[in-house]
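Several structures are given next for inspection.
Here come two complexes built around subunit A, the first alongside subunit B, the second alongside subunit C.
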Partner chain A sequence: MMDKDSQQPFDVLVIGAGPAGMAAAVRAAERGGRVGIVDDNPNCGGQIWRGAEDDHGQEATAWSSRLRNADITKLFGMRVFHQPETGVLLAEGTDDVCELRYTNLVLATGARERFLPFPGWTLPNVMGAGGLQAMVKSGLPVRGKRVVVAGTGPLLLAVAAYLRKQGAEIPIICEQASWSSLARFGVGLLGRPGKITQGLQLKKELAEIPFAANSWPIGAHGGQVLESVTISRGGKTEVIACDFLACGFHLVPNVELQSLLGCQISGGFVQVDEFQQTSVQRVFCAGEPTGIGGVELALVEGQIAGLAAVGEKNAAQKLFGERRESHRFARMLDRAFRLRPELRSLPSAETIVCRCEDVPYSRLQEHRSWRAAKLHSRCGMGPCQGRVCGPATQFLFQWNPDSVRPPVFPARVGSLGRVVSGL
Partner chain B sequence: MLKMQCAKPIRKRLRKRNIKRSRVPLSKTSSVIFAPSADLTTEGKEEFAVLRGFHFKLDRAVMVPVQRHWILSTLSVELGKDRIGARGYALRDGMNAATYDVVIVGAGIVGAACADECARRGMRVAVVDREMVGSGATAAGMGHIVVMDDSEAQFALTRYSQQLWQALRRDLPEDVEYDQCGTIWVAADEEEMAEVRRKHDYYAQRGVPTLVVDSEALQRLEPNLRDGMAGGLLVAEDAVLYPPCAARFLMERAQELGAQLQLGAPVTQIGEGRVRLSDGVEIAGGMVVNAAGAWAPELTRGMEIKKRKGHLVITDRYPGFLRHQLVELGYLKSAHSVTSDSVAFNVQPRRTGQILIGSSRQYGAEHGEVDQAMLTRMLRRAQEYMPGLGQMSAVRTWTGFRAATPDKLPLIGPWPGDKSLFLATGHEGLGITTSLASARILVDQITGAKPEIPIEPYLPSRAVKEVAHA
Partner chain C sequence: MHDSLLRAVTLSVNGSPVAVPAGATVAVAVAIAGQPCRRSVSGEPRGPLCGMGICFECRVSINGTPHCRSCQIVCEPGMEVRTDG
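Right, the complex of A and B next:
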């Protein structure tokens, strides 16, 4: 493998090769910048266009080929875990570590699913909705399996449609949001031709799948593995036999790297100016970390960030109108899928909240802050670094997250202690 | 929490003591003025107010912000047959119509141990911390319970304290993770082997069991150490624990014996038997203990304490990789240095199977940020001794501040110039170990009991800067 270290800084270094990062890298490179793009996956595409061989539609194909054809240094299978010095990032692969220098940085780190604890959620075969989708994409067979899809957010529909296509039987999709907020969401969509077609396509694929609003899982049961799920549906409970529970409560942005770099974060989202620049000069942010808004917003924000990073402000400005429209969609998403307070009482005393460290709900109740809970119960101290239980406890107890310390992702001791040239 | 605990006993006490309660409407006000009333200023009568568990004298007006949900009552109290006609105002939230014998500032492991010791000797004690239990250096420390022989006094305190931890062992809850894994002082070469023998003799003379191990034995005990180490000294009674939970355990024991704890309360001033909080509330105690760790000098001027920053890195779980706390003998050189920055190989097996990697020492750093140059030096050093560490997954890095004194001994005892003020700070890198013994000898001094070890080396009077006399 070539030496990925570069003493000469990239004009634009992009972290994350989902739609936002791809768009940023492509637009910056097409304007002649020296561009690098890093992603911890083996291919570009991020969460939604994952799986290089799959057909993700015209838009995905177009961006992928632009990325392929542009003069961009692609560092896939590398995960950025630390900024040892301003302008230098460290990234680690399975057996190497490299030092990346940049003049401008675009952080397009995407989002992850939010999980909420309820009795039985740690049973084998209870999985994240997106997580199960990713596993099926990488070979897990679901043909003939019964999969209950539950939680909240549009991702549930996409996952259900996908699993169904792979031969799974979906007895029900449980959406915690109420019919009325969903209806408002649906009506709002009328202003968005792109979303409508997308919605219709999904509708066809979802045709025979029962969909229940006002419903959510309250318990998962089984001996060794999942056998059934109890759901609360319109105030009544119902037990449904199943092989898998695909469960996710919308998305939370990945803002840890931004936080390490000192970017201002408010309400969980990275604050940016009209050119997608964060509170830190020359550090831009695009896609889900600035607000959960889907592919289209990610693409337009990525383009603006990429153009602005190479100084093409006029070209960037031309995209502001498009971004404004996508922002409207993001706000609708936010309103429609807001978590209902009843979900705070899902866990029982013994329900494990922190899976890495086996911390039950009862041990968290006595604490006043995330830091206190963490110090005294070890909640969030495991290898996931609080990525799962952090957002859950933020919802359950309104705790604010802790400061971020390196490594942003677990990294080898040898990589963390690497001698950075020039230091 | 405080509120729930206190609601019942207080109601009982109110009845017993014939306190008239009247509700003061608070809906319009967000602060209340407590002032002495003209009609009750005769001899033997004392005015006071009790606020969220803290009693304070009313010799002048104080303005206090109050929360709407507090119930304010005016009181006149008759205490016992001596009929002290006092009058004041009480808020039900944690009320306690008694003054304190001791008010401790700081709920780190040292403050918690002092609270426990005071409470066990029957004192009324209050503890205040601006954050929470075990949130300062105690949250950052490695939790190595280690006997050290830097000086005779350091040995005496660490050994005494280690024995107190051993005695407490059976009472420690699971989450304190007490594990007597022992220390091996690792000698890299023959010169350091000579130090191993000296240390062995010193410990043997003082009744601490140790074992000199040669190169091969060391390899058997710790197969992941690099080949070719000269040997080491195994100190079998050394242990490790998880400091924040140890502090919480001590504090809870104190609370069971009536100690009052107030968290989230920054102290702005102490002295003359009083502790003043940032919201203006004053807490009166016969004695005040400054156990504010590295921040103690902010409250008591003129004490010679400097912040000494340290870095630590924790890995994912690798059970069995490491069995003892391993410290390079060069550590002594590092810890001894009073000026320059230094690192040393110092690794600890946690009960979870994780490995805690230290250590670094730095003066003059005020910010808690990770310093890459220090981190790199520290991790390089660790890998020189244990190459296999390089492949392990590091989960988190953090920093903490040790409260360092010029002679590397803590400050335990009365502060010259204020008879009511005691210090319990300056524990540098040994405060987890020495917390229990520090509390013993501090409370011995407060109560006039005879300490088990000579206390002179720790008296704060030795470390007073000029300003204090001025």
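Right, the complex of A and C next:
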């Protein structure tokens, strides 16, 4: 690998190559900035445009080709884990670590699924909804498999449609939200949340898949691997045999890096000004970390951040109207898919909440804060660093997240040496 | 399925050969082999959860390197994958 350590600072360094990061990098580079973009994945596209060879539609193709053609240093398969000093980030690849210097930084780190514990959720083949979709996009065959899709949020619909297209049988989509809350989203004639399906252009694909609101999984069963799930549907329970359960409860933003850099975070989201600049000068943030709002919002925020980072404020301002529109959609999403309190009683005493350290629900109940629970039970102390159990316990117990310490991802010992010595 | 996925790559999972579509991740190879990725600290079988590199449930050892997140790593011919530590 080339020696990236000796490089000049980037005018704009973008972390995350999903729609937001791609748009930021492209707009900044097209205005002549020296731009670098880093992503943990082997390709650009983030969550929604995952799978380099799949056809993701015109918009994706257009942004991918602009990214390819612009003069941008692309560092894929590299994960940023630490900032040893202002203006310097460390990123780790499969077998190397590099130091990245920047003048302006755009953090476009996206979101992950929220997982909630229920009995049996640790069985193999119980996966996230986006999680199973990502596996299938990476080559997992699902033709002829029965997949129950459950949880909450528009992602369930996108995933169900995708899996069906890949040949899976979807006996049901269980959406925890009530019909009345989905109605705010506009329930279509077929008793489906119309605006979402339209928005996702999925109406046709979803037409034959049963959709139940007021419905969620209460148990997953099997010996070594999933065999069936029990769902609660409109107050009654039902057992459904299946090969996979694709289950996620909407999205939570990835804000660990922003938090490490000292960016102000409120209500779980990174606070930004009208130019997408965080409370830290020259550090911008775009896409899901500023609020869960989907691909359109990610793209427009990314563009504004990229332009503002190279000082093109007038061009950035022209996009404010478009951003306002997408924000309205984001607020609607938030209201429609709010988690119902009943989900707090899903775990039984023995249900594992922290999957890294196998900490059961009963060992968490006695604690009053996330910090106390971590200290006494090791909850959140494993390699995922609380990325799975943190959002879950926040919902279950209303615990607030802790401050973030480096490295933001577990790094290899060799890489860690550089964290400890501060280089 | 796209063209690249029609070309197969062969690697080994716990010593047995597994053929996967080109471009498939190691997590997919382990799933096709019908294996869990790891045992949890209390001995439960575990497989991928997030599919995107954040949950660490898909950890396996690859060519002797332990704790590799198999969902983020693309299969290469001849790779030796172990799920038993």
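Here, the second predicted complex is superposed on the first by the 402 of 423 C-alpha atoms of A that agree within 3 Å, B and C clash if a C-alpha of one lies under 4 Å from a C-alpha of the other, contacts with A are read in each partner's own complex, and residues count from 1 in each chain.
In this section, a residue touches a chain if its C-beta (ideal position, glycine included) is under 8 Å from a C-beta of that chain, and two chains touch if they have at least 3 such contacts.
It should be emphasised that the depicted structure is a prediction, and the values quoted were computed from it without experimental measurement.
Legend: residue contacts after superposition of the two complexes on their common chain; A:Gly382 is shown touching both subunit B and subunit C. In the superposition on chain A, contact is made by A:Arg112 with subunit C only, not with subunit B. Once the two complexes are overlaid on the shared chain, A:Gly267 sits clear of subunit B and of subunit C alike. In the superposition on chain A, contact is made by A:Asp40 with subunit C only, not with subunit B. With both structures placed on the common chain, the touch criterion links A:Gln224 to subunit C but leaves subunit B unconnected.
Once chain A of one complex is fitted onto chain A of the other, the partner contacts of A:Pro341 are absent, as it touches neither subunit B nor subunit C. In the superposed pair of complexes, A:Gly128 makes contact with subunit C only, with no contact to subunit B.
Contacts of A:Gly321 after superposition: neither subunit B nor subunit C is touched. In the superposed model, A:Leu140 lies in contact with subunit C only, and not with subunit B.
Among subunit B and subunit C, the chain that touches a larger number of residues in subunit A is C.
Shared interface residues of subunit A, touching subunit B in one complex and subunit C in the other, are 382-383, 410. In the complex of the two chains, the subunit A residues touching subunit B come out as 84-85, 366, 368-369, 371-372, 375-378, 381-383, 385, 405-407, 410-414, 416-420, 423. By the touch rule above, subunit A contacts subunit C in their complex via residues 40-42, 47, 53-54, 79, 94, 112-113, 115, 122-128, 130-135, 138-141, 224-225, 254, 352, 355-358, 382-384, 387-388, 410. Of all residues in subunit B, those touching subunit A in their complex are 1, 132-135, 139, 175, 244-245, 248, 263-264, 313, 315-316, 357, 370, 372-373, 375-376, 378-380, 382-383, 389-398. The residues of subunit C lying in touch with subunit A in their complex are 2-5, 20-21, 23-25, 27-28, 31-32, 36-37, 40-42, 44-57, 59, 67, 71-74.
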